[in-house]
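You will see chain A twice below: alongside chain B first, and alongside chain C after that.
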Partner chain A sequence: MSIFINAAQAISPQQTFLKDQLPGELVKYDGIMQCILPDFKNYFSAIELRRMSRIIKFSSATAQECINEAGTNKMDAIITGTGLGCLEDTEKFLNKMLDTDEGLLTPTTFIQSTHNTLGGKIALTNNCNEYNITYAHKTVSFESALLDASLLIKEGEKNILVGGIDEITEENYNLRKHINQWKEEPFSNLDIYNSKNSGCKAGEGAAYFMVSSNKTDNSYAELKMTDIYYKLKNPSLLAENFKNNLKSKTGMSLNDIDFVLFGFNGDVKSDSYYHQIKDTLFKDQDHGYFKHYCGEYDTSASFGLWVATRIIKNNYIPDNILIEKRKRKNINNILLFNQENNENHSFIVLSKC
Partner chain B sequence: MDSLIKKLKEEIIDQLNLEGMTPEDINEKEPLFGEGLGLDSIDALELTLLLERGYGIKLENPQEGKKIFASVETMAKYIEENRK
Partner chain C sequence: MENRVFVTGMGIISAIGNNLEENFDSLINKQHGISKLDILKTVHQDELLCGEIKLTNNDLLKRLDLPESNTYARTTLLSIIAAKEAFNDAGLKSKDSARTGVIVGTTVGGMDKSERFYKRLDENTDFIQSHNCGFTTEKVADYLDVNHFVTSLSTACSSGANAIMLGARLIKHGILDRAIVGGTDAISKFTLNGFKTLFLLDPNPCSPFDKDRKGLNLGEGAGIIVLEKGEICKNKKRYSEITGYANNNDAYHQTATSPDAKGPYLCMKNALEKSKLKPQDISYVNVHGTGTDNNDITEGLALEKIFENTVPPFSSTKAYTGHTLGAAGAIEAIYSILSIENNIIFPNLNFKQAIPELSLSPATVVIENAGIENVMSNSFGFGGNGTTLIFSKE
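== the complex of A and B ==
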């Protein structure tokens, strides 16, 4: 059973929403990377908007445009992945608990603070009473959602909406500053590949995909494989596992991969794993990265997948993605490889269709 | 009473996230629920908390809510009569 990506939309800190191509010029951020937002009044009524926090707004608008692009809102499932869920409302709710000594808590922020609010809102908007689940598995939340969708398609479902969504708030940013998670400001997102020290850029985004058992004229790619590994002792073991799984699940060999999109985030500790894999396992392929577009967040791989859909459909890699000069003429198979500090390695393979 | 009505309108806008609305947009005599502002049951909970937190008034009987929250004017009247 083949799985196709028939629609893909993303809101990110770059001009990506409703775009068919990757931007030629990138927006530079010296600090926190927050999404460029559309006018939500075009998507929701004033009554709806008042109960929607920022993440619910940008998640729902992205999902709606993805559904529009797919040309059907008859979905057999809505599956979302989010590391931290509706963070802004969680913070509001927790702060109110402290302020009021655990009394007089308002319902709206509590309702909105749950992770599955994002998927629930899409279901309500589209009258979808089918399977609706949210994965909150840290940095493989989105990949877990995608894996679930793939299994459902293999069981016979037709159209499944899958999304990866996370937001960054000032409070969360400041808290994580204390554990040195971020680059010291100012540090430009455009410099992350050449970074030689620790810390990454804080980012956020929403990316939604309609995965389907049916190929259409507008299909972006075939989703060949989604693989997740929690933690492996060394890169060579990781390479061995990936090589074997690629062969057994897709029939492909390493040489069939034309382009590898890495999740380099500017943190030397995390990036060293990418370098080892890039320079050994994939030395003959073209290489690129994407987190200078979106920053680091738990579901950033969903944005990486959005980038991969544009690259494979247009058979074009912009210079701002490429790490070095192209070696291969065509891009028939793309590997998206993401991990964080040698944990939660994910491999997503897309093929031209 | 007029200043209480104005303050109440501001608090309702803030508490219920009525984006883009000003106190002038709310007619104090119009119904808050159904027609008028079109509030719902979650808003009723928010307004109950507004009375308790802002004015020290605890609604003991939920049935009273319908009368108290009929409009901004009825809310203001109830607050004037019961605030501690």
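== the complex of A and C ==
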């Protein structure tokens, strides 16, 4: 059973929305990295524009363009992943409640605060009564959604919309400053690969994919494998598991992987685990990274997958993604590898189709 | 050929009991757990009734032999209590060779801590990490020492049911041999005030499916079950088999079900199809039955449509526990399995008069020797989410 990615769209802190190519020039951010937003008037009514929070808007617009690209809104499932869900609405209701000591409150932000508001909104817009699930598990929220989509294709479903969405708010950014999650400002997103200290860049985004059982003229790639491991902390054990699963699930060996896209985020400790794997398991492959585009957030791997779709379709890796000089001529198989402090490792394998 | 999936362990904590046995005893003795709030401090202390568990976080920590200094939210503690019981009930030991996953659903994760510390950062920064939904699941996995596959989902009030469904599917696909799955939520001021602004709270004990129902009582708790594939649980107690499941979206409104109850109807229909059972094979339905005007009438219409006016005995157990949100689907799955195990139907408390638009009434007394073969459990939530699970006697 083959699984194809037939549409892929992303709104991010870079110029990525409705783009076929990766940007040559990147936008530089010294602090928080927030999305470059399209004109939402093209997507929503005046009432919606007033009521909906930023994340609902950039999630829905991305999903809608992904559906347009796929050429069908007859979806057999809508599956989303989001680490923190509708943060802005959650904070608004929470703050109002605390400020007024549980005084008179309005329900809009409460009802929009649930994680599955995003997937529910797409179902509502497209009149889709099918399977609709939202995963919320830290940095593997999106991968859980993608894995579920693969199961559904194997169960006989045809078109599944899968997305990864998270937003960063000023308040949450300041909160997480206290636990030293971020780089001290100013620190440019363009410098994360060579960073020598702790912390990462706060980012956000939405990336949606139409995952399908049928190949079309527009198919970006075949999705060969989605694997997550919670706590496989020993690098040689992790490598062994990955090699075995790659063989048993795809028939491929390590050497078949041409390009590895790593989730380097600028935090030296977390990044050291990528280096270990990069310099041992994948020394013969081309290497790249992507979080200088989007920053770090729970579902940043979904943006990594969007980057991978562009690379594999165009058979081209821009210099701003590459870590060192190319060793391989063609890019037939890509591995996207993400983790956070040596936990919640995820491996997504894409093949040219 | 798909693997068959069996329930081999259960654990639960709710307002009607701190373990499986206490919950069962309360159910058959019609002992509800709805009361004024003692543990949660809120300005609504005296006006709202809830299904609160009368144990403080420190009480819960002691039961788990965890240190008092910790980062655990109440939601997390409740789920570990239930998971520990389920793990032991299934006779499991850490680090056996079975590929084991932990999947937990919750609506607001560590909100009970966030709302205490959000504006008082200098006092406590620990809550920042415990706020997200995944934190709880990881702590369950860590406590049980399971490190293979861990994920969480958050689909409002069907979260617990959806975690069970995912666990079953991962076993059927051969990805896992065993899944420790369920849902958890603690009462928080956030959800309490949220439901209050929507005028969905009954100031009195709720009366699901009653003509004069006024809304729901919030509850809290956790339900965790152990699912195992047939081959690895041949020689142990198997409570029941999970034979059907489906999730559908009503695609009508963020918080209200459509007048024709399309979503609820579809998930019952699709779960039946999955189980290859006919509507008349269902012996009992543990309905979502929150006691809100909108839920009960629409769920009732969907029941009449799917069962073509010969609706099997049904009841909502929410008048016992309150609506435990992310835990509800899992807690009620456990009640459904207990129904099969004991061949019994649990009553729907506080019911007096049928809803005029419907021609159905819930079971109001304990029905023993009920001939239970297959039980259906419904869970519906915000965002149009709806899930039906079907458990069958082996």
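Quick note on the criterion: the second predicted complex is superposed on the first by the 353 of 353 C-alpha atoms of A that agree within 3 Å, B and C clash if a C-alpha of one lies under 4 Å from a C-alpha of the other, contacts with A are read in each partner's own complex, and residues count from 1 in each chain.
By our rule, a residue touches a chain if its C-beta (ideal position, glycine included) is under 8 Å from a C-beta of that chain, and two chains touch if they have at least 3 such contacts.
Values in this document were obtained by computation on a predicted structure and should not be read as measured data.
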Exercise. Now for A:N330: first (chain B), second (chain C), both, or neither, which partner does it touch?
Worked result: neither
For this session: Please indicate which partner A:P107 is in contact with in the superposed arrangement: first for chain B, second for chain C, both, or neither.
Result: both
Problem set entry | Partner chain in contact with A:S248 - chain B first, chain C second, else both or neither | neither
Exercise. More chain A residues touched by chain B or by chain C?
Worked result: C
Exercise. Which holds for A:N194: it touches chain B only (first), chain C only (second), both, or neither?
Worked result: neither
For this session: Once the structures are superposed on A, label A:S45 by its partner contacts, choosing first (chain B), second (chain C), both or neither.
Result: neither
Problem set entry | Common interface positions of chain A, toward chain B and toward chain C | 105-107, 111
Problem set entry | In the complex, chain B residues that touch chain A | 15-20, 38, 42, 45-46, 49, 52-53
Exercise. What residues of chain A sit close enough to touch chain C in their complex?
Worked result: 78, 83-85, 93-95, 97-98, 101-102, 105-107, 110-117, 119-121, 123-124, 126-138, 140-141, 144, 148, 151, 154-155, 175-176, 178-179, 228-232, 298, 344
For this session: Provide the residue numbers of chain A that touch chain B in the complex, in ascending order.
Result: 46-47, 49-51, 100, 104-108, 111
Exercise. Touching chain A in the complex: which residues of chain C?
Worked result: 42-44, 107, 109, 114-115, 118-119, 121, 125, 128-129, 131-135, 137-138, 141, 146-156, 162, 166, 169-170, 173, 175, 189-190, 193-194, 196-198, 246-255, 262-263, 266, 381-385
